[in-house]
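Mind having a look at this structure? Questions to follow.
By written order: A, B, C and D. Residues from 1 in each chain.
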Amino acid sequence: MRLFASDNVTGACPAVVEAVLSANAGLAASYGEDYWSTALRAKFSEIFETEVEVFPVLSGTASNALALAALTPVYGKVYCHELSHINTDECGAPELLTGGAKLIPMRGANGRIVPDDLAQAIRGRGNVHVPQPAVVSITQACETGTVYRPSEILEIAAIARDHHLKVHMDGARFANALSTLGVTPAQMTWQAGVDVLSFGGTKNGCFVAEAVIFFKPEMAENFDFLRKRSGQLISKMRFVSSQLLAYISDDLWLQNAMVANKMAQKLSRGMAALPDIELAYPTESNEVFVRLPDYLIGGLRAKHRYINEDELDGKAVRFVASWVTTDEEVQSLLDDISQCILGAKA
Amino acid sequence: MRLFASDNVTGACPAVVEAVLSANAGLAASYGEDYWSTALRAKFSEIFETEVEVFPVLSGTASNALALAALTPVYGKVYCHELSHINTDECGAPELLTGGAKLIPMRGANGRIVPDDLAQAIRGRGNVHVPQPAVVSITQACETGTVYRPSEILEIAAIARDHHLKVHMDGARFANALSTLGVTPAQMTWQAGVDVLSFGGTKNGCFVAEAVIFFKPEMAENFDFLRKRSGQLISKMRFVSSQLLAYISDDLWLQNAMVANKMAQKLSRGMAALPDIELAYPTESNEVFVRLPDYLIGGLRAKHRYINEDELDGKAVRFVASWVTTDEEVQSLLDDISQCILGAKA
Amino acid sequence: MRLFASDNVTGACPAVVEAVLSANAGLAASYGEDYWSTALRAKFSEIFETEVEVFPVLSGTASNALALAALTPVYGKVYCHELSHINTDECGAPELLTGGAKLIPMRGANGRIVPDDLAQAIRGRGNVHVPQPAVVSITQACETGTVYRPSEILEIAAIARDHHLKVHMDGARFANALSTLGVTPAQMTWQAGVDVLSFGGTKNGCFVAEAVIFFKPEMAENFDFLRKRSGQLISKMRFVSSQLLAYISDDLWLQNAMVANKMAQKLSRGMAALPDIELAYPTESNEVFVRLPDYLIGGLRAKHRYINEDELDGKAVRFVASWVTTDEEVQSLLDDISQCILGAKA
Amino acid sequence: MRLFASDNVTGACPAVVEAVLSANAGLAASYGEDYWSTALRAKFSEIFETEVEVFPVLSGTASNALALAALTPVYGKVYCHELSHINTDECGAPELLTGGAKLIPMRGANGRIVPDDLAQAIRGRGNVHVPQPAVVSITQACETGTVYRPSEILEIAAIARDHHLKVHMDGARFANALSTLGVTPAQMTWQAGVDVLSFGGTKNGCFVAEAVIFFKPEMAENFDFLRKRSGQLISKMRFVSSQLLAYISDDLWLQNAMVANKMAQKLSRGMAALPDIELAYPTESNEVFVRLPDYLIGGLRAKHRYINEDELDGKAVRFVASWVTTDEEVQSLLDDISQCILGAKA
């Protein structure tokens, strides 16, 4: 039972399906010169309240690594949290696509970079022996399921600007963070100092659709070539653009995120109320991280519940809610856990 | 009017659409551990009459560049035709993903490598100053719309084997070549000495679906990591695998290719029968290359016919038929051309 | 006054000079097929009591990065100390020359990796999302001036072997470590489990001479090509080989190292005996790291003593003794410090 | 007998030896902040009659590949002759150090790019599928031993400028070309439109000394980092800088080149006057390329003359004169050839 294993076990939501079917009628220009790709840029510009450059790509890994490639020289340093996806889960894609830039893993509670730590860590400019400070990358919502407040982003971006660094945001769960914070997309990005956003659609209702969004068009100057040479420029671009277009229209993305977040809250509160379970991080988006005793892990597995093995060792067990998660499913999981606990106490 | 501009202006065919919709029901394991990805491997193994390893990817460029990355050391040489897609149309993706291997462009009539030329060109093994001969890559159907005969592939592969080179086939239009030759997939690939195939689905009826297929599993050993770090491992893999599964089932791919090839033949013969037009290459798949006088180019543009600018200079004008092309559309294009010619002669 | 600033402010020692002059008589085959290069391999094999492969290169950075490139796949992880030269002082050379491998910085007292920490850190084998554990790199003598005991190396190498990792040693100050420990070159390397050594000559009596030494020839199979494509294969190789040959003959390297270490000991003890100075690390080779109060830093600068700025911030001030350092020079530095202290107390 | 095998079988000339010995006295700042490195920049600026940026490196391969890395984006095209050293003899170093740029091999008589061919070849700007035109690289004296006239360089550079390309000159045998043409260094470089020069010293009297010279300082902005991360920034830089400083002082480089060229001329004329020998290219520097019948190759080998195997196949046999070559040695070689011919005719 893959339920709660991840938000990428879900399919695409009806409006996205409809959009792809609709884009499939007739012929269209290839490589992004189609109607949907053009409309997508306009729609994103409207949503972000500024002119943006938009480059659809096929995976979050590519989206992040290519964004970094646009922002750092080959001898650059990218400051990131040690738990960040770019640092731990992309099998070296950032190193490959940037041509060898160096990720600098930073500590910080709840998976978030601490501004003061960043200020301390940015060193070595002009020292030829040292990769040069170039980018800071933050994840929103971050890998622990918590979110940066806009004031935190502002603070981090101010430090970055003072040191001539660019600011990248990994927004694989951008909509979830937005829904939690109740701010505008602009407030959470360029108005807070973000230069480039890796915008995720796949986890929250698309088939496969991500995009790199530049808030400063001059930084996107060479991006077409970077995307092409990484194999992320697909010929039938309309089939990605149309997904994203539907996804960000009519508040679909926010509604999906709201469901996912709400179900995660329910799950989180339910678990926190039980004995023997400890929340590993505050639940601020659609991911719930808990520390479970071994008997509970065994018990849940006996009930065919999926336990994320990668997270077990030293970290925590992750349960992910998504736009398809229902009250009943959450309750059923909580019931299973309660039964395991009762059984153990008996 | 994008008709005939390319085969990537088309959408996905009904059975592929159906397959994606069907795969969209319910949850599925991510990163290729789903039903469709497993079934795809079995189906490809059946079609190729041998156990193959299959890695779906998102673009032909990625498919080619990653296949090469699996076959060459970073200091390797990849022999290819100077007109090959990997040499001319991938913006350096092979160089990037192989870590710096060197493409050696070769001449040869009709876009095809001449076995004797290859034998002559393979030099420098063990010479430390020289990138080391590693791979020969051929395109089937090739970039001029012609096809290698199995005997030619055999001969090229024999030379490769003699010199310890691997053999890669760019099969972006694999089905079209197969349809032309009337041989089996096995005969056109591993039985002729091909080690790895970049198998194309996008141009012939899929939304976006390519795959790297290894005929010798031991060569695929590290491919999972190469694919991941290039950003081509997508989480919801079922949506690519299901396309390919439908595409290679029930002879769909061959039927689509047969239509495209037949329409190209009709167009080619129709054009060849007209004055002032010269076929640039024999028409052996779904692409027709012709040399047109300027007045015809101007005339067709005046009729809003798409003329591929890139091909004009020194090469030829390309018209591409596809699985959606109809007799009427071919006739209409031929009529337009005839009118232009008549007008010019008047 | 650059004295004590580094061991690379020194020139070459007389026997090395003589060797180069002698190699300069007459013609010689290029690219390492000369007498000296051949003799060098034999001499290193004798010294290490096993057949080794030797590849002279021009810089420590190249020596390290190329050694790693021979040991890790492009998607590999290299475990190293966070203070290691490869992690902090090579401007991304390891990332470039390995094709994107990822350095995993580890903590550990006195700049040395703790075996247990390494065992904990090696994770993710077979997980496609994660760069694959490939190499552990240790520096001997390490960046803090301390040395690994052979038993520590054995322990680290055993963990590495258990996890199928290769073991690299950065031996920029190899002779200094050897001199401290009083063991044989074999005991400190391959007998303790080291696979590849970056052997340094420049800092301890050569003009410019480093070498990558393989204890398992099969690992060196492709190294000729890796070296060439990085620009480290020089035509007149004899002028590097002859330096190294003289350097490792007649115990020259050990004598030079002994002088340097002894002078460092004298300096270290002298400083430790003074008020207001704290040794940052035990002095176990030719580098002395101390924490100095600001007034002392200012005072020494006023006396035109070189203070290494890079080391000041959060770390310590470094003084380096070398084969040219004399008792008088050490005493003179100690006297200057004493004067500063007395002045401040007055 | 390596005589005539190459100019890199020679040692260093007395003034260069003297300079190194002199630089070896005492301590000096490392990493290029020494007296000799500073003086070198001033001397080169004087010689080139303009302010230049100078970066000593260790090999011609590194010098070329790093210069290209400074001039091309990672997705760039470098136009070069198909016989150029960067294309044939650097084992992929340009591809590695540029991060994947693509060399475009061009034909052209006598190893030289034909301006009209270049103008034709520069295509694809702005086309995302195509690596972007970025650099043209010429070799002076070129790989066939001929030289570009300043007017040819001007013409090539004008085409480059029209298309926004940078101009690189591989000057491994710069002095030889200069000596042949009797022009000034400025006339042969920046006044003719060259942006960056890979200046060679090793082949013409140095131990190991090359330099990348920028005529437009703004292009050198990031070069320090590129050089460091490739492992070409050595700590004891004075030992390279001092070689180059002596080499370009007191017309030493030109005198050495004059001897080499003169001996090559004598050899070339002598051979051309003999039956059965055909000059492959005009002799315009210190290299003589001839086509020899098999019996002559065999005969010379029987006399222990070195025949360059790499050049035999499809190309020509190469004899290289150098600053140490004497009249007697040339005559002796000619005599050997004559004897072989006479023997064969007998």
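Going forward, contacts are C-beta pairs under 8 Å (C-beta built on N, C-alpha and C of every residue); 3 or more make two chains touch, one makes a residue touch a chain.
What you are looking at is a predicted structure, and each value in this text was computed from that prediction instead of being measured.
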Mutual neighbours - chains that touch chain A and chain B alike: C, D
Per Cα centroids, the chain farthest from chain A: D
Chain A and chain D: spacing of chain centres that average the CA atoms, whole Å: 51
Averaged-CA centre spacing for the pair chain D and chain B, given as whole angstrom: 41
Chain C-chain D separation of Cα centroids, rounded to whole Å: 34
Sites on chain D at which at least two other chains make contact: 74-75, 90-92, 96, 99-100, 128-129, 225, 228-229, 233
Chain B contact footprint on chain C (complex, rising order): 31, 73-75, 99-100, 128-129, 131-132, 222, 224-226, 228-229, 233
List of chain A residues in touch with chain B within their complex: 2-3, 5-6, 8-12, 17, 20-21, 23-30, 57-63, 65-66, 90-93, 96-97, 202-203, 207-208, 225, 228-236, 239-240, 324
Residues of chain A touching chain C in the complex: 74-75, 88-92, 95-96, 99-103, 105, 123, 127-131, 310, 313
